[in-house]
Amino acid sequence: MISVGIIGGTGYTGKYLLEFIKQHKNIADYTIYANSSAGSKLLDIFPELLGVIENKTIQSVKELSYAHDLYFVSLPHGESLKYIPTLLAKGIKVIDLGGDYRLDTKKLYDEWYGFEHTSANLLSQKVYGLADLNSSKISGSNFISNPGCYPTSILLALIPLINNYSDNIISISSVSYSGSSGAGKSAKTELLLSELDGNVKAYNINKHRHQPEIEQELTKYGMKFPFAFTTHLLPIARGIYSTSTIHLNSAISEFEITEKYLNEYANSIFVRMRKVPPELKWVVNSNFCDINISVKEKTVVITSTIDNLIKGASGQAVQNMNRMFGWDDSLGIQKIIEN
Amino acid sequence: MISVGIIGGTGYTGKYLLEFIKQHKNIADYTIYANSSAGSKLLDIFPELLGVIENKTIQSVKELSYAHDLYFVSLPHGESLKYIPTLLAKGIKVIDLGGDYRLDTKKLYDEWYGFEHTSANLLSQKVYGLADLNSSKISGSNFISNPGCYPTSILLALIPLINNYSDNIISISSVSYSGSSGAGKSAKTELLLSELDGNVKAYNINKHRHQPEIEQELTKYGMKFPFAFTTHLLPIARGIYSTSTIHLNSAISEFEITEKYLNEYANSIFVRMRKVPPELKWVVNSNFCDINISVKEKTVVITSTIDNLIKGASGQAVQNMNRMFGWDDSLGIQKIIEN
Amino acid sequence: MISVGIIGGTGYTGKYLLEFIKQHKNIADYTIYANSSAGSKLLDIFPELLGVIENKTIQSVKELSYAHDLYFVSLPHGESLKYIPTLLAKGIKVIDLGGDYRLDTKKLYDEWYGFEHTSANLLSQKVYGLADLNSSKISGSNFISNPGCYPTSILLALIPLINNYSDNIISISSVSYSGSSGAGKSAKTELLLSELDGNVKAYNINKHRHQPEIEQELTKYGMKFPFAFTTHLLPIARGIYSTSTIHLNSAISEFEITEKYLNEYANSIFVRMRKVPPELKWVVNSNFCDINISVKEKTVVITSTIDNLIKGASGQAVQNMNRMFGWDDSLGIQKIIEN
Amino acid sequence: MISVGIIGGTGYTGKYLLEFIKQHKNIADYTIYANSSAGSKLLDIFPELLGVIENKTIQSVKELSYAHDLYFVSLPHGESLKYIPTLLAKGIKVIDLGGDYRLDTKKLYDEWYGFEHTSANLLSQKVYGLADLNSSKISGSNFISNPGCYPTSILLALIPLINNYSDNIISISSVSYSGSSGAGKSAKTELLLSELDGNVKAYNINKHRHQPEIEQELTKYGMKFPFAFTTHLLPIARGIYSTSTIHLNSAISEFEITEKYLNEYANSIFVRMRKVPPELKWVVNSNFCDINISVKEKTVVITSTIDNLIKGASGQAVQNMNRMFGWDDSLGIQKIIEN
């Protein structure tokens, strides 16, 4: 039994992190720390959790205690830098749900995030927490950088292909659609239902921060072909649907490629290979990533879908915690899967 | 002033065709013919049009009159073949909103539509009615095959690029999302709101009938690189959003490419070039196609969006009629645009 | 031909006001005045209107000209008071789309709007612009207070009943559901798609400002029974659906009641009596109000539906302008109806 | 540990029944019987449950075994009559999720359901399974008729009021809005997303089968005032929101009424009294019923909301099972609440 601290976490992903921690049988207690919502009661922020969680008071991050065994950090870009180095220095385990440690070099931060990274030395210490592929590294780590939501959906869909057939690939183009909760709980006119109802738009074309994150990881598996990534907003709250189109030099059969994926994910209960293109609803409210591979001659189309708030954030974070402590992969998130 | 016959047209696109014809100042009268709904009153099918159109009785297509100057044909695949050859033989103008004459060869029909084409000789007589690009051919034609909804969104977005830079292109991957009305008014479980609410799915991967249609037209403009096309269902009723990713051998500036489009569409009031990725809502309930071009080094992303029922069907059909008769492009569909 | 000024009007209703004015054949020109958006271009605010309206610059209301024949005023509560008295004093016609002059007494303003009314003398001069019922008064007026969106849907549904059967009524309970655009284009967390998607909630129970407005008008037609009104938010952008339940002392037939409505609205092209409960979609994007009356013994249920931005705001305002100038009821809004 | 049979249950509510049974620690095994889907695999019907439930084969109801301790019956109207009398005669416990035994008299069935009830003698044996109010009767029963979805939302909201203040009530008008899943998984044009997207409509006014069910139960608590009930379709898949307006003869304070409810539901973990009108989303995917009471003078507005598929069907059925066997109220549905 461990004790857990949550720094931040009063946004959309925070709700699920709370629920998972609440029902996790190896977590004895937890404390929430925040900035602007310090002093508030949890049920004022999450009224839907009445009767589900205790109505704790949110503590101020200014009075952060170091008494917990593990901290989940869920803060805006640049904010995590203020707390994580100290926590790690004290030998405490950290899972960062933000983007502050996902990229591997200070140079990339300057370029894509626009801030001066003040603990760049930790960038190489972190393990990139793509739970279903980086399993062994995660087990031995004290510091996990939880992947972005889009990267989770695309990396799980592409890495086995690239790992096996990189030389045969002419180009990959990934197109992702996300529900609005991916933009967080921020009062912006452009995120109003009145604006988004029945609407779709591409955004941040060629400049989304998740693009260097995806390219960084794909490169580790041998990517040496052009890659593009375009993000869109769906007129619904939850879920990510990613479609990756791969042009090949020479044809490979759908059967052969799918076999590679089945082998790769044979022990991953949260990755489900599908014989037909998955539906977003199959994964909403779960930690699953559903993947389909469709091949016609030299064209491969891989569709993958996740719940952005769970597999793309809090669910994967809990899965990473389970790995770090050597627990069963599904603890705390087991309500979703076989029990 | 002309007289118009509509064969079929009691589905989702039919409503708009009726509205456009009703308000078109050069159309003196119109008659609707149908199969299963013959004998019904128009307002029983379109109750929302009470006070907008007269409550005509739908005639049986079995008693089709040849007294009209132009026929819009909007029938299921294979059905148009029964009427169009006769109409054309009598020298009557025809605009076919279905897919029966879109492809250029009998061989492609066998492969993609699964029926034996019984008037394949007409395939080469038809003009493919991509109104904003095939303008002059349309003007001189008696027989227009109205493009599919997906092809309209993608061809308008890609042809100027391919026409100018075909040799420089490594690959193109187009990903389209459509509202459910594109699937027609058919009572299928998979199209229920209960199934689609909050849902997304890819469908017909590598086997959508619009793929050979797109490839056929792109080939006329010099396509000699791999192309892929993947379709998805949006959890909303209307609109198509297409994202085409082009990988280039050598970089071209966004400015240069955009200039080519501005020139190409200088006289097309219905194509609006945008400096930012368009929003689907900007075009819903209009005959506009909005296009944006975003370039970063050797990656070009072109987003384009239309109303599938209007620009992707009835609106473009009326635009084609205007061209055939030498009328102003916007007649009948002018309620949407400057007046 | 007249010249029109619009004060405010850069919100959701403003878009439609612009479109209606643009296509109105008796309006020669128009100017827009605003506060915070002064200096902006119209197409920066309404990019969807590219090619539909000219890209005028919004003028500052501080430099308001008095050169127009009519002003539409669409400002937040309390702001109209700054301009309307002066306009009226100069003999200029005014249609106020806000709530500042809807109630008849200063006392009600203090209670329900919480501000001190500084031109209470004008409250009795205004005509309440319920266009389909107050027709003759509107014709002779220089100052119209355009009804609220909820009141429009409920008053048109209830007045003919109360006018004829007030003594027989035990109680009326009206329940309304509105799309989110009714709350305006304001950046509030509670109006995010992430909050409202798939959601419903009642709000302002027993304290909505439209309640005294409805009661005030119903009282003029003889209301002397208990009345209640409850508002809810729909998870869509547009439209109002109101359901009024009337308990009677003694039964009246559905036929008899419906006849009264048909007589009352015989000359109102924008009120459509329906034999079945109307669907919201039948009226969206139109100036129609659709009404159905369902009776079983001593229970009468009246359903009514409008587009909150058109019949509930800009459409009715233009209809009122047409009345004030003695023009045809449908000018400018005719794109919606028979033409 | 018991063994459970499910007859029917391949529709929308069936999915949740399966999930609850799967995770219920006192259920050793279960078998599904059906008509048209007999022979199918569960995961073909519920692909989203891959990895969550075993892929059992659905048995034919023609070969119904009587070996289970309890049967959940979830069949179309009139079908339950074929199985339930035999099950009960064999002393087996039954929970009927359909409407065949909800009303108390054969006469009401003839009038409202239009079929001849063939086991009318059982109507008085059944216990109406309104779990949070009929607790003690349910505990001692072998035969539970699970309430309709609308009645659950309205009865929990009204009974404590009527039970305490019936004499003071002038009239009650209940207005309910339901997501489309309440209409079941049936391929009807009117239930298509293309029809319902952005749409709202009232339906079955004064003739919904849940009306006599509600009136029957309210009468048991002393109703002697006029009551009306009107149902509407929401443009979303899930959830019911009910608004009941009560006109009183003399005022009672909000505090006093709320106290009565707090007392009534003091031991009901699934009824949550709210200080503000509840949001539908608070209860979706849970067995909660959230209720708010708002009073102004002699007007009482009670809003209540449930998940129609859970509290309005499968969740309440499992809650009833727990009562019948003397288990903790939340077993099997505990994933939703405190654990």
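Labels A, B, C and D are assigned to the chains in the order they are written; within every chain, residues are numbered from 1.
As a working rule, a contact is a pair of C-beta atoms (placed from the backbone, for glycine too) under 8 Å apart; a residue touches a chain by one contact, two chains touch by 3 or more.
These figures come from a predicted structure and were not determined experimentally.
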item: Other chains in touch with both subunit A and subunit B; value: C, D
item: Farthest chain (mean CA position) relative to subunit D; value: B
item: Chain centre separation in whole Å, for subunit D relative to subunit B (CA means); value: 46
item: Subunit C-subunit D separation of Cα centroids, rounded to whole Å; value: 39
item: Between subunit A and subunit D, centroid-to-centroid distance (C-alpha), Å; value: 37
item: Where subunit B touches two or more other chains, by residue; value: 197-198, 235-238, 279, 281
item: Residues of subunit B that touch subunit A when the two form their complex; value: 170-171, 173, 175, 177, 198-203, 205-207, 226, 228, 230, 232, 234-239, 241, 243, 245, 247, 277-281, 284, 292, 294-296, 298-299, 301, 303, 305
item: Partner subunit D, residues of subunit A touching it in the complex; value: 22-23, 47-48, 50-53, 197-198, 269, 272, 274, 279, 281-283, 285, 288, 335-339
item: Contacting residues of subunit A [partner subunit C, same complex]; value: 12, 179-181, 183, 185-189, 191-198, 235-238
